[in-house]
Amino acid sequence: MSSLNGSVTIPEGFTALEKRSGFLRNCGEFFVHDEQPILAVRLQAHHLNYVHIAHGGFLATVADSAFGVILRRQSKSQTVALTVNLNIDYIGPVREGDWLEAHVEVLKNGGTFINASCLLKVGARLVLRANGVFTTWKGKTPCT
Amino acid sequence: MSSLNGSVTIPEGFTALEKRSGFLRNCGEFFVHDEQPILAVRLQAHHLNYVHIAHGGFLATVADSAFGVILRRQSKSQTVALTVNLNIDYIGPVREGDWLEAHVEVLKNGGTFINASCLLKVGARLVLRANGVFTTWKGKTPCT
Amino acid sequence: MSSLNGSVTIPEGFTALEKRSGFLRNCGEFFVHDEQPILAVRLQAHHLNYVHIAHGGFLATVADSAFGVILRRQSKSQTVALTVNLNIDYIGPVREGDWLEAHVEVLKNGGTFINASCLLKVGARLVLRANGVFTTWKGKTPCT
Amino acid sequence: MSSLNGSVTIPEGFTALEKRSGFLRNCGEFFVHDEQPILAVRLQAHHLNYVHIAHGGFLATVADSAFGVILRRQSKSQTVALTVNLNIDYIGPVREGDWLEAHVEVLKNGGTFINASCLLKVGARLVLRANGVFTTWKGKTPCT
(Lines give C-alpha, C1' and ligand atoms only; values in the text may rest on other atoms or scores of the structure.)
Protein backbone atom coordinates (compact mmCIF):
# COMPACT_ATOMS: atom_id res chain seq x y z
CA MET A 1 0.00 0.00 0.00
CA SER A 2 2.92 2.37 0.42
CA SER A 3 6.56 2.94 -0.38
CA LEU A 4 9.21 5.20 1.05
CA ASN A 5 10.61 8.23 -0.78
CA GLY A 6 13.01 10.14 1.40
CA SER A 7 11.04 10.74 4.57
CA VAL A 8 7.67 10.82 2.85
CA THR A 9 5.44 7.74 2.67
CA ILE A 10 3.57 7.61 -0.63
CA PRO A 11 0.76 5.37 -1.90
CA GLU A 12 1.39 2.92 -4.73
CA GLY A 13 1.03 4.15 -8.29
CA PHE A 14 2.70 7.50 -7.63
CA THR A 15 6.18 8.57 -8.74
CA ALA A 16 8.15 11.58 -7.52
CA LEU A 17 7.99 14.51 -9.94
CA GLU A 18 11.50 15.04 -11.27
CA LYS A 19 11.31 18.06 -13.54
CA ARG A 20 10.39 20.84 -11.20
CA SER A 21 10.58 24.61 -11.45
CA GLY A 22 12.47 26.62 -8.84
CA PHE A 23 9.30 27.37 -6.91
CA LEU A 24 8.07 23.78 -6.82
CA ARG A 25 11.48 22.52 -5.71
CA ASN A 26 11.31 25.05 -2.89
CA CYS A 27 7.87 23.71 -1.89
CA GLY A 28 9.17 20.17 -1.43
CA GLU A 29 8.42 16.78 -3.00
CA PHE A 30 5.48 16.31 -5.39
CA PHE A 31 4.18 13.05 -6.80
CA VAL A 32 2.34 12.26 -10.00
CA HIS A 33 0.15 9.23 -10.60
CA ASP A 34 1.55 6.93 -13.31
CA GLU A 35 -1.75 6.62 -15.18
CA GLN A 36 -4.41 8.89 -13.74
CA PRO A 37 -4.31 12.72 -13.99
CA ILE A 38 -3.38 13.24 -10.33
CA LEU A 39 -0.67 15.31 -8.66
CA ALA A 40 -0.16 14.65 -4.94
CA VAL A 41 1.80 15.89 -1.96
CA ARG A 42 2.22 14.94 1.71
CA LEU A 43 1.48 18.00 3.85
CA GLN A 44 4.39 19.21 5.96
CA ALA A 45 4.95 22.02 8.46
CA HIS A 46 6.37 24.34 5.80
CA HIS A 47 3.05 24.21 3.89
CA LEU A 48 0.95 25.62 6.74
CA ASN A 49 -0.49 29.04 7.47
CA TYR A 50 -0.88 31.08 10.60
CA VAL A 51 -3.66 28.88 12.04
CA HIS A 52 -1.83 25.63 11.28
CA ILE A 53 -3.81 24.47 8.26
CA ALA A 54 -2.53 24.43 4.68
CA HIS A 55 -1.78 27.96 3.40
CA GLY A 56 -4.23 29.15 0.73
CA GLY A 57 -1.29 30.07 -1.47
CA PHE A 58 0.20 26.59 -1.15
CA LEU A 59 -3.12 24.98 -2.09
CA ALA A 60 -3.33 27.34 -5.10
CA THR A 61 0.20 26.22 -5.97
CA VAL A 62 -0.82 22.57 -5.84
CA ALA A 63 -3.81 23.24 -8.11
CA ASP A 64 -1.89 25.41 -10.59
CA SER A 65 0.97 22.91 -10.72
CA ALA A 66 -1.41 19.99 -11.20
CA PHE A 67 -2.90 21.78 -14.21
CA GLY A 68 0.58 22.43 -15.62
CA VAL A 69 1.91 18.90 -15.08
CA ILE A 70 -1.17 17.13 -16.45
CA LEU A 71 -1.60 19.46 -19.45
CA ARG A 72 2.08 18.98 -20.35
CA ARG A 73 1.81 15.20 -20.05
CA GLN A 74 -1.27 15.18 -22.29
CA SER A 75 0.42 17.42 -24.90
CA LYS A 76 2.36 15.73 -27.68
CA SER A 77 4.58 18.75 -28.29
CA GLN A 78 5.33 19.36 -24.60
CA THR A 79 3.91 22.86 -24.94
CA VAL A 80 3.69 24.94 -21.79
CA ALA A 81 0.26 26.20 -20.69
CA LEU A 82 0.16 29.72 -19.26
CA THR A 83 -2.55 30.45 -16.69
CA VAL A 84 -4.96 33.20 -17.76
CA ASN A 85 -7.50 32.83 -14.96
CA LEU A 86 -7.52 30.71 -11.83
CA ASN A 87 -10.61 30.46 -9.65
CA ILE A 88 -10.45 28.66 -6.33
CA ASP A 89 -13.07 27.70 -3.76
CA TYR A 90 -11.65 26.70 -0.39
CA ILE A 91 -13.96 24.02 0.96
CA GLY A 92 -12.23 22.29 3.87
CA PRO A 93 -8.99 22.39 5.87
CA VAL A 94 -5.87 20.34 5.08
CA ARG A 95 -3.56 19.44 7.95
CA GLU A 96 0.04 18.35 8.49
CA GLY A 97 0.51 14.71 7.51
CA ASP A 98 -2.47 14.64 5.11
CA TRP A 99 -1.91 13.02 1.71
CA LEU A 100 -3.38 15.62 -0.65
CA GLU A 101 -4.40 14.65 -4.20
CA ALA A 102 -5.23 17.07 -7.04
CA HIS A 103 -7.48 15.38 -9.62
CA VAL A 104 -7.42 17.24 -12.95
CA GLU A 105 -10.08 17.13 -15.65
CA VAL A 106 -9.45 18.84 -18.98
CA LEU A 107 -12.79 20.19 -20.20
CA LYS A 108 -11.68 21.66 -23.52
CA ASN A 109 -8.37 21.73 -25.36
CA GLY A 110 -7.84 22.69 -28.95
CA GLY A 111 -8.87 26.28 -29.56
CA THR A 112 -7.43 29.55 -28.28
CA PHE A 113 -8.02 28.52 -24.67
CA ILE A 114 -7.70 25.42 -22.58
CA ASN A 115 -10.36 24.94 -19.90
CA ALA A 116 -9.71 22.57 -17.02
CA SER A 117 -10.97 21.93 -13.52
CA CYS A 118 -9.37 20.32 -10.52
CA LEU A 119 -10.61 18.82 -7.25
CA LEU A 120 -8.28 18.58 -4.26
CA LYS A 121 -9.07 15.69 -1.94
CA VAL A 122 -7.78 14.14 1.27
CA GLY A 123 -9.03 10.58 0.95
CA ALA A 124 -12.65 10.95 -0.12
CA ARG A 125 -13.00 14.38 1.51
CA LEU A 126 -13.20 17.34 -0.91
CA VAL A 127 -11.09 20.27 0.32
CA LEU A 128 -10.77 22.59 -2.69
CA ARG A 129 -12.19 23.16 -6.14
CA ALA A 130 -10.11 24.98 -8.74
CA ASN A 131 -10.89 26.04 -12.24
CA GLY A 132 -8.46 27.33 -14.80
CA VAL A 133 -8.32 29.01 -18.18
CA PHE A 134 -5.03 28.58 -20.00
CA THR A 135 -3.37 29.62 -23.23
CA THR A 136 -0.41 28.08 -24.99
CA TRP A 137 3.01 29.64 -24.33
CA LYS A 138 4.32 31.19 -27.56
CA GLY A 139 7.76 32.12 -26.20
CA LYS A 140 11.09 30.35 -26.65
CA THR A 141 11.55 26.81 -25.40
CA PRO A 142 12.16 26.75 -21.66
CA CYS A 143 15.59 25.77 -20.46
CA THR A 144 15.47 23.14 -17.74
CA MET B 1 15.59 55.47 -1.96
CA SER B 2 16.55 52.04 -0.70
CA SER B 3 17.91 50.14 2.25
CA LEU B 4 19.47 46.74 2.67
CA ASN B 5 17.75 43.82 4.36
CA GLY B 6 19.91 40.71 4.15
CA SER B 7 20.71 40.39 0.46
CA VAL B 8 17.48 42.04 -0.68
CA THR B 9 17.34 45.75 -1.52
CA ILE B 10 14.02 47.25 -0.49
CA PRO B 11 12.43 50.65 -1.12
CA GLU B 12 11.86 53.07 1.74
CA GLY B 13 8.67 52.79 3.76
CA PHE B 14 8.70 48.98 3.83
CA THR B 15 9.52 46.78 6.82
CA ALA B 16 10.25 43.06 6.77
CA LEU B 17 7.24 40.98 7.80
CA GLU B 18 8.15 39.27 11.06
CA LYS B 19 5.18 37.08 11.96
CA ARG B 20 5.11 34.58 9.16
CA SER B 21 3.44 31.20 8.79
CA GLY B 22 5.50 28.13 7.92
CA PHE B 23 4.69 28.45 4.24
CA LEU B 24 5.55 32.14 3.98
CA ARG B 25 8.85 31.63 5.80
CA ASN B 26 9.65 28.94 3.27
CA CYS B 27 8.89 31.37 0.42
CA GLY B 28 11.48 33.90 1.67
CA GLU B 29 11.34 37.50 2.85
CA PHE B 30 8.18 39.59 2.56
CA PHE B 31 7.80 43.30 3.26
CA VAL B 32 4.84 45.36 4.35
CA HIS B 33 4.42 49.10 3.83
CA ASP B 34 4.33 51.04 7.08
CA GLU B 35 1.23 53.04 6.16
CA GLN B 36 -0.27 51.88 2.89
CA PRO B 37 -2.01 48.49 2.44
CA ILE B 38 0.85 46.96 0.44
CA LEU B 39 2.73 43.67 0.76
CA ALA B 40 5.89 43.35 -1.35
CA VAL B 41 8.59 40.87 -2.29
CA ARG B 42 11.77 40.88 -4.38
CA LEU B 43 11.55 38.06 -6.95
CA GLN B 44 14.20 35.38 -6.63
CA ALA B 45 15.08 32.19 -8.49
CA HIS B 46 13.10 30.03 -6.07
CA HIS B 47 9.88 31.89 -7.04
CA LEU B 48 10.04 31.00 -10.73
CA ASN B 49 8.27 28.44 -12.87
CA TYR B 50 9.37 26.21 -15.70
CA VAL B 51 9.66 29.07 -18.23
CA HIS B 52 11.56 31.34 -15.83
CA ILE B 53 8.79 33.75 -14.88
CA ALA B 54 7.07 33.89 -11.48
CA HIS B 55 5.13 30.68 -10.73
CA GLY B 56 1.35 31.15 -10.79
CA GLY B 57 1.16 29.50 -7.39
CA PHE B 58 3.71 31.91 -5.95
CA LEU B 59 1.79 34.90 -7.29
CA ALA B 60 -1.40 33.45 -5.78
CA THR B 61 0.52 33.12 -2.51
CA VAL B 62 1.55 36.78 -2.63
CA ALA B 63 -2.06 37.84 -3.27
CA ASP B 64 -3.57 35.57 -0.60
CA SER B 65 -0.94 36.61 1.95
CA ALA B 66 -1.44 40.29 1.15
CA PHE B 67 -5.15 39.89 1.88
CA GLY B 68 -4.35 38.11 5.15
CA VAL B 69 -1.73 40.58 6.35
CA ILE B 70 -3.73 43.70 5.51
CA LEU B 71 -7.04 42.37 6.88
CA ARG B 72 -5.31 41.41 10.12
CA ARG B 73 -3.67 44.82 10.42
CA GLN B 74 -7.02 46.55 9.86
CA SER B 75 -8.78 44.34 12.42
CA LYS B 76 -8.89 45.55 16.02
CA SER B 77 -9.28 42.06 17.42
CA GLN B 78 -6.53 40.50 15.27
CA THR B 79 -9.06 38.06 13.86
CA VAL B 80 -7.89 35.72 11.15
CA ALA B 81 -9.66 35.83 7.77
CA LEU B 82 -10.21 32.49 6.07
CA THR B 83 -10.32 32.50 2.28
CA VAL B 84 -13.62 31.26 0.83
CA ASN B 85 -13.00 32.16 -2.82
CA LEU B 86 -9.95 33.46 -4.63
CA ASN B 87 -10.14 34.59 -8.25
CA ILE B 88 -6.97 35.50 -10.10
CA ASP B 89 -6.31 36.98 -13.54
CA TYR B 90 -2.72 36.65 -14.70
CA ILE B 91 -2.01 39.77 -16.75
CA GLY B 92 1.74 40.03 -17.26
CA PRO B 93 4.99 38.20 -16.43
CA VAL B 94 7.12 38.86 -13.34
CA ARG B 95 10.84 38.17 -13.58
CA GLU B 96 13.77 37.51 -11.25
CA GLY B 97 14.89 40.73 -9.57
CA ASP B 98 11.52 42.48 -9.95
CA TRP B 99 10.17 44.32 -6.90
CA LEU B 100 6.58 43.06 -6.75
CA GLU B 101 3.92 44.99 -4.82
CA ALA B 102 0.46 43.74 -3.86
CA HIS B 103 -1.94 46.65 -3.30
CA VAL B 104 -4.99 45.58 -1.29
CA GLU B 105 -8.38 47.30 -1.23
CA VAL B 106 -11.05 46.13 1.21
CA LEU B 107 -14.42 46.56 -0.52
CA LYS B 108 -16.68 45.40 2.32
CA ASN B 109 -16.04 44.29 5.88
CA GLY B 110 -18.62 43.88 8.59
CA GLY B 111 -21.15 41.22 7.62
CA THR B 112 -20.80 37.47 7.15
CA PHE B 113 -18.24 37.98 4.39
CA ILE B 114 -15.28 40.22 3.72
CA ASN B 115 -14.78 41.28 0.09
CA ALA B 116 -11.40 42.56 -1.02
CA SER B 117 -9.44 43.01 -4.23
CA CYS B 118 -5.75 43.23 -4.90
CA LEU B 119 -3.57 44.47 -7.76
CA LEU B 120 -0.03 43.16 -8.19
CA LYS B 121 2.34 45.63 -9.83
CA VAL B 122 5.97 45.88 -10.86
CA GLY B 123 6.51 49.64 -10.85
CA ALA B 124 3.49 51.01 -12.70
CA ARG B 125 2.98 47.82 -14.70
CA LEU B 126 -0.07 45.72 -13.70
CA VAL B 127 0.79 42.00 -13.63
CA LEU B 128 -2.09 40.36 -11.74
CA ARG B 129 -5.54 41.09 -10.42
CA ALA B 130 -6.92 39.07 -7.52
CA ASN B 131 -10.24 39.09 -5.81
CA GLY B 132 -11.13 37.41 -2.58
CA VAL B 133 -14.11 36.49 -0.44
CA PHE B 134 -13.26 35.81 3.19
CA THR B 135 -14.96 34.79 6.40
CA THR B 136 -13.79 35.23 9.96
CA TRP B 137 -11.99 32.30 11.59
CA LYS B 138 -14.12 30.96 14.46
CA GLY B 139 -11.55 28.47 15.75
CA LYS B 140 -9.16 28.81 18.69
CA THR B 141 -6.53 31.52 18.76
CA PRO B 142 -3.57 30.59 16.57
CA CYS B 143 -0.30 29.83 18.31
CA THR B 144 2.65 31.61 16.74
CA MET C 1 -38.52 11.76 -28.40
CA SER C 2 -40.23 15.11 -27.99
CA SER C 3 -43.42 16.81 -26.88
CA LEU C 4 -44.89 20.21 -27.53
CA ASN C 5 -45.14 22.93 -24.91
CA GLY C 6 -46.52 26.11 -26.37
CA SER C 7 -44.29 26.75 -29.36
CA VAL C 8 -41.23 25.08 -27.86
CA THR C 9 -40.36 21.46 -28.60
CA ILE C 10 -38.87 19.77 -25.55
CA PRO C 11 -37.22 16.38 -25.01
CA GLU C 12 -38.92 13.72 -22.90
CA GLY C 13 -38.32 13.73 -19.17
CA PHE C 14 -38.52 17.53 -18.85
CA THR C 15 -41.37 19.52 -17.33
CA ALA C 16 -41.95 23.26 -17.62
CA LEU C 17 -40.79 25.16 -14.54
CA GLU C 18 -43.89 26.66 -12.93
CA LYS C 19 -42.67 28.68 -9.97
CA ARG C 20 -40.61 31.39 -11.57
CA SER C 21 -39.35 34.73 -10.32
CA GLY C 22 -40.16 37.91 -12.21
CA PHE C 23 -36.86 37.86 -14.04
CA LEU C 24 -37.12 34.23 -15.13
CA ARG C 25 -40.67 34.72 -16.37
CA ASN C 26 -39.39 37.62 -18.42
CA CYS C 27 -36.67 35.38 -19.91
CA GLY C 28 -39.23 32.84 -21.20
CA GLU C 29 -39.92 29.15 -20.60
CA PHE C 30 -37.54 26.98 -18.58
CA PHE C 31 -37.68 23.22 -18.13
CA VAL C 32 -36.48 20.98 -15.34
CA HIS C 33 -35.68 17.28 -15.65
CA ASP C 34 -38.00 15.09 -13.59
CA GLU C 35 -35.18 13.07 -12.02
CA GLN C 36 -31.78 14.42 -12.97
CA PRO C 37 -30.40 17.77 -11.71
CA ILE C 38 -30.84 19.54 -15.06
CA LEU C 39 -32.45 22.87 -15.99
CA ALA C 40 -32.98 23.45 -19.73
CA VAL C 41 -34.13 26.08 -22.18
CA ARG C 42 -34.67 26.34 -25.95
CA LEU C 43 -32.69 29.33 -27.24
CA GLN C 44 -34.78 32.06 -28.82
CA ALA C 45 -34.08 35.41 -30.47
CA HIS C 46 -34.65 37.32 -27.24
CA HIS C 47 -31.74 35.43 -25.60
CA LEU C 48 -29.12 36.60 -28.10
CA ASN C 49 -26.43 39.26 -27.99
CA TYR C 50 -25.10 41.71 -30.51
CA VAL C 51 -23.32 39.05 -32.62
CA HIS C 52 -26.30 36.67 -32.62
CA ILE C 53 -25.10 34.13 -30.11
CA ALA C 54 -26.48 33.66 -26.58
CA HIS C 55 -25.87 36.74 -24.40
CA GLY C 56 -23.30 36.16 -21.65
CA GLY C 57 -25.78 37.54 -19.14
CA PHE C 58 -28.47 35.12 -20.26
CA LEU C 59 -26.09 32.17 -19.94
CA ALA C 60 -25.16 33.39 -16.44
CA THR C 61 -28.88 33.55 -15.71
CA VAL C 62 -29.35 29.95 -16.83
CA ALA C 63 -26.45 28.80 -14.63
CA ASP C 64 -27.52 30.82 -11.58
CA SER C 65 -31.14 29.70 -11.95
CA ALA C 66 -30.09 26.07 -12.36
CA PHE C 67 -28.20 26.28 -9.07
CA GLY C 68 -31.23 27.84 -7.38
CA VAL C 69 -33.78 25.38 -8.74
CA ILE C 70 -31.72 22.26 -8.02
CA LEU C 71 -30.59 23.38 -4.55
CA ARG C 72 -34.22 24.15 -3.64
CA ARG C 73 -35.40 20.78 -4.93
CA GLN C 74 -32.70 18.99 -2.91
CA SER C 75 -33.52 20.95 0.26
CA LYS C 76 -36.12 19.49 2.62
CA SER C 77 -37.00 22.85 4.09
CA GLN C 78 -37.28 24.64 0.74
CA THR C 79 -34.62 27.10 1.89
CA VAL C 80 -33.44 29.67 -0.61
CA ALA C 81 -29.75 29.75 -1.54
CA LEU C 82 -28.21 33.20 -1.99
CA THR C 83 -25.30 33.45 -4.41
CA VAL C 84 -22.07 34.69 -2.79
CA ASN C 85 -19.72 34.10 -5.74
CA LEU C 86 -20.35 33.02 -9.30
CA ASN C 87 -17.49 32.16 -11.64
CA ILE C 88 -18.16 31.48 -15.29
CA ASP C 89 -15.98 30.29 -18.16
CA TYR C 90 -17.50 30.82 -21.59
CA ILE C 91 -16.32 27.90 -23.70
CA GLY C 92 -18.42 27.79 -26.88
CA PRO C 93 -21.26 29.66 -28.61
CA VAL C 94 -24.97 28.84 -28.21
CA ARG C 95 -27.29 29.70 -31.11
CA GLU C 96 -30.99 30.27 -31.70
CA GLY C 97 -32.87 26.97 -31.68
CA ASP C 98 -30.29 25.15 -29.54
CA TRP C 99 -31.62 23.04 -26.66
CA LEU C 100 -29.40 24.15 -23.78
CA GLU C 101 -29.01 22.00 -20.67
CA ALA C 102 -27.49 23.06 -17.33
CA HIS C 103 -26.22 20.03 -15.39
CA VAL C 104 -25.73 20.84 -11.71
CA GLU C 105 -23.47 19.02 -9.27
CA VAL C 106 -23.56 19.91 -5.57
CA LEU C 107 -20.03 19.50 -4.23
CA LYS C 108 -20.66 20.37 -0.59
CA ASN C 109 -23.78 21.23 1.38
CA GLY C 110 -24.10 21.36 5.12
CA GLY C 111 -21.78 23.99 6.58
CA THR C 112 -21.78 27.77 6.27
CA PHE C 113 -21.44 27.55 2.50
CA ILE C 114 -22.82 25.48 -0.31
CA ASN C 115 -20.42 24.72 -3.17
CA ALA C 116 -21.78 23.62 -6.51
CA SER C 117 -20.68 23.47 -10.12
CA CYS C 118 -22.61 23.44 -13.35
CA LEU C 119 -21.87 22.47 -16.96
CA LEU C 120 -23.94 23.94 -19.79
CA LYS C 121 -24.20 21.69 -22.82
CA VAL C 122 -25.83 21.63 -26.25
CA GLY C 123 -26.07 17.91 -26.92
CA ALA C 124 -22.65 16.56 -25.98
CA ARG C 125 -20.90 19.88 -26.69
CA LEU C 126 -19.72 21.80 -23.59
CA VAL C 127 -20.44 25.53 -23.92
CA LEU C 128 -20.00 26.93 -20.40
CA ARG C 129 -18.69 25.97 -17.00
CA ALA C 130 -20.01 27.74 -13.91
CA ASN C 131 -19.08 27.48 -10.29
CA GLY C 132 -20.96 28.89 -7.36
CA VAL C 133 -20.61 29.55 -3.66
CA PHE C 134 -23.92 29.99 -1.85
CA THR C 135 -25.21 30.71 1.63
CA THR C 136 -28.64 30.05 3.07
CA TRP C 137 -31.16 32.91 3.00
CA LYS C 138 -31.95 33.95 6.59
CA GLY C 139 -34.71 36.45 5.68
CA LYS C 140 -38.46 36.00 5.82
CA THR C 141 -40.16 33.38 3.69
CA PRO C 142 -40.53 34.52 0.10
CA CYS C 143 -44.02 35.28 -1.15
CA THR C 144 -44.77 33.66 -4.47
CA MET D 1 -31.46 66.44 -11.26
CA SER D 2 -33.63 64.11 -13.27
CA SER D 3 -35.49 63.74 -16.54
CA LEU D 4 -38.23 61.45 -17.75
CA ASN D 5 -37.66 58.66 -20.25
CA GLY D 6 -40.83 56.69 -20.79
CA SER D 7 -41.91 55.73 -17.30
CA VAL D 8 -38.38 55.64 -15.87
CA THR D 9 -36.87 58.64 -14.07
CA ILE D 10 -33.17 58.95 -14.85
CA PRO D 11 -30.43 61.17 -13.42
CA GLU D 12 -28.82 63.84 -15.59
CA GLY D 13 -25.88 62.87 -17.77
CA PHE D 14 -27.37 59.54 -18.82
CA THR D 15 -28.82 58.67 -22.23
CA ALA D 16 -30.94 55.65 -23.12
CA LEU D 17 -28.92 52.90 -24.81
CA GLU D 18 -30.24 52.59 -28.35
CA LYS D 19 -28.30 49.73 -29.93
CA ARG D 20 -29.35 46.76 -27.89
CA SER D 21 -29.15 43.03 -28.49
CA GLY D 22 -32.29 40.89 -28.33
CA PHE D 23 -31.60 39.90 -24.76
CA LEU D 24 -30.97 43.44 -23.49
CA ARG D 25 -34.12 44.72 -25.22
CA ASN D 26 -36.02 41.99 -23.44
CA CYS D 27 -34.53 43.12 -20.10
CA GLY D 28 -35.87 46.68 -20.51
CA GLU D 29 -34.30 50.13 -20.72
CA PHE D 30 -30.58 50.69 -20.07
CA PHE D 31 -28.77 54.00 -19.79
CA VAL D 32 -25.19 54.96 -20.46
CA HIS D 33 -23.39 57.98 -19.01
CA ASP D 34 -22.39 60.50 -21.66
CA GLU D 35 -18.81 60.83 -20.42
CA GLN D 36 -18.04 58.38 -17.64
CA PRO D 37 -17.77 54.58 -18.15
CA ILE D 38 -21.11 53.82 -16.48
CA LEU D 39 -24.10 51.72 -17.55
CA ALA D 40 -27.23 52.11 -15.44
CA VAL D 41 -30.74 50.72 -15.03
CA ARG D 42 -33.78 51.42 -12.84
CA LEU D 43 -34.79 48.18 -11.12
CA GLN D 44 -38.27 46.92 -11.98
CA ALA D 45 -40.41 43.95 -10.96
CA HIS D 46 -39.28 41.89 -13.96
CA HIS D 47 -35.64 42.04 -12.72
CA LEU D 48 -36.34 40.37 -9.38
CA ASN D 49 -35.83 36.86 -8.07
CA TYR D 50 -37.86 34.59 -5.85
CA VAL D 51 -37.15 36.58 -2.67
CA HIS D 52 -37.90 39.94 -4.30
CA ILE D 53 -34.35 41.25 -4.72
CA ALA D 54 -32.53 41.58 -8.05
CA HIS D 55 -31.95 38.18 -9.70
CA GLY D 56 -28.29 37.11 -9.72
CA GLY D 57 -28.57 36.47 -13.45
CA PHE D 58 -29.91 39.95 -14.09
CA LEU D 59 -27.06 41.51 -12.11
CA ALA D 60 -24.60 39.38 -14.11
CA THR D 61 -26.32 40.68 -17.24
CA VAL D 62 -25.85 44.28 -16.12
CA ALA D 63 -22.14 43.67 -15.43
CA ASP D 64 -21.50 41.76 -18.66
CA SER D 65 -23.39 44.35 -20.72
CA ALA D 66 -21.55 47.21 -19.02
CA PHE D 67 -18.24 45.62 -20.02
CA GLY D 68 -19.49 45.20 -23.61
CA VAL D 69 -20.88 48.70 -23.99
CA ILE D 70 -17.87 50.47 -22.46
CA LEU D 71 -15.27 48.36 -24.30
CA ARG D 72 -17.06 49.02 -27.60
CA ARG D 73 -17.25 52.76 -26.91
CA GLN D 74 -13.51 52.87 -26.11
CA SER D 75 -12.61 50.87 -29.25
CA LYS D 76 -11.88 52.82 -32.44
CA SER D 77 -12.79 49.92 -34.69
CA GLN D 78 -16.04 49.06 -32.89
CA THR D 79 -14.71 45.55 -32.29
CA VAL D 80 -16.84 43.23 -30.20
CA ALA D 81 -15.35 41.78 -27.00
CA LEU D 82 -16.22 38.16 -26.25
CA THR D 83 -16.33 37.16 -22.59
CA VAL D 84 -13.84 34.41 -21.68
CA ASN D 85 -14.27 34.50 -17.91
CA LEU D 86 -16.67 36.37 -15.67
CA ASN D 87 -16.26 36.35 -11.90
CA ILE D 88 -18.90 37.91 -9.70
CA ASP D 89 -19.13 38.60 -5.96
CA TYR D 90 -22.62 39.40 -4.75
CA ILE D 91 -22.18 41.90 -1.92
CA GLY D 92 -25.57 43.46 -1.17
CA PRO D 93 -29.21 43.30 -2.27
CA VAL D 94 -30.76 45.51 -4.98
CA ARG D 95 -34.47 46.28 -4.74
CA GLU D 96 -37.28 47.45 -7.00
CA GLY D 97 -36.99 51.15 -7.72
CA ASP D 98 -33.22 51.31 -7.07
CA TRP D 99 -31.11 53.19 -9.61
CA LEU D 100 -28.27 50.74 -10.26
CA GLU D 101 -24.98 51.91 -11.77
CA ALA D 102 -22.23 49.70 -13.20
CA HIS D 103 -18.85 51.50 -13.11
CA VAL D 104 -16.35 49.89 -15.49
CA GLU D 105 -12.56 50.12 -15.27
CA VAL D 106 -10.44 48.67 -18.08
CA LEU D 107 -7.26 47.29 -16.49
CA LYS D 108 -5.49 46.11 -19.64
CA ASN D 109 -6.30 46.30 -23.33
CA GLY D 110 -3.92 45.63 -26.16
CA GLY D 111 -2.69 42.05 -26.08
CA THR D 112 -4.50 38.76 -26.56
CA PHE D 113 -6.81 39.49 -23.64
CA ILE D 114 -8.69 42.43 -22.25
CA ASN D 115 -8.96 42.64 -18.45
CA ALA D 116 -11.61 44.80 -16.87
CA SER D 117 -13.41 45.14 -13.57
CA CYS D 118 -16.76 46.58 -12.65
CA LEU D 119 -18.44 47.78 -9.46
CA LEU D 120 -22.24 47.88 -9.20
CA LYS D 121 -23.54 50.56 -6.87
CA VAL D 122 -26.84 51.92 -5.61
CA GLY D 123 -25.89 55.46 -4.61
CA ALA D 124 -22.68 55.04 -2.63
CA ARG D 125 -23.55 51.48 -1.55
CA LEU D 126 -21.51 48.70 -3.22
CA VAL D 127 -23.73 45.76 -4.21
CA LEU D 128 -21.62 43.68 -6.61
CA ARG D 129 -18.07 43.33 -7.86
CA ALA D 130 -17.44 41.77 -11.26
CA ASN D 131 -14.28 40.93 -13.09
CA GLY D 132 -13.94 39.93 -16.69
CA VAL D 133 -11.44 38.51 -19.15
CA PHE D 134 -12.29 39.18 -22.78
CA THR D 135 -10.94 38.45 -26.23
CA THR D 136 -11.65 40.22 -29.49
CA TRP D 137 -14.35 38.74 -31.71
CA LYS D 138 -12.77 37.48 -34.95
CA GLY D 139 -16.05 36.61 -36.71
CA LYS D 140 -17.96 38.55 -39.34
CA THR D 141 -19.33 42.00 -38.56
CA PRO D 142 -22.53 41.77 -36.57
CA CYS D 143 -25.74 42.78 -38.28
CA THR D 144 -27.86 45.09 -36.15
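Going in written order, the chains are labelled A, B, C and D, and every chain counts its residues from 1.
Everything that follows uses one rule, which is that a contact is a pair of C-beta atoms (placed from the backbone, for glycine too) under 8 Å apart; a residue touches a chain by one contact, two chains touch by 3 or more.
Everything numeric here is computed off the predicted structure, so don't read it as measured data.
Student: Comparing each of A-B, A-C or B-D with C-D, which pair has over half of its contact pairs in common by residue number?
Tutor: Repeat of the C-D interface: A-B.
Student: Could you let me know which interface, B-C or A-B, is made of more C-beta pairs in contact?
Tutor: Answer by contact count: A-B.
Student: Can you check how far apart chain B and chain D are, centre to centre, with Cα atoms defining each centre and the answer in Å?
Tutor: About 31 Å separates the centre of chain B from that of chain D.
Student: Just how far, in Å, is the C-alpha centre of chain C from the one of chain B?
Tutor: A distance of 36 Å separates the two centres.
Student: What whole-Å value do you get for the distance between chain A and chain B if each is reduced to the mean of its CA atoms?
Tutor: Between these chains, centre-to-centre, one finds 21 Å.
Student: Counting only residues that touch at least two other chains, what does the list for chain D look like?
Tutor: Each of 84-85, 87, 89, 113, 133 in chain D touches at least two other chains.
Student: Which stretch or stretches of chain C touch chain A in the complex?
Tutor: Residue positions touching the partner: 85, 87, 89, 91-92, 107-108, 113, 115, 117, 119, 126, 129, 131, 133.
Student: Chain A touches which residues of chain B in the complex?
Tutor: Counting only chain B, the residues touching chain A are 19, 21-27, 45-52, 54-58, 60-65, 68, 80, 82-90, 137, 139, 142-144.
Student: If you look only at chain D, which of its residues touch chain A in the complex?
Tutor: Interface residues on chain D, with respect to chain A: 84-85, 87, 112-113, 133, 135.
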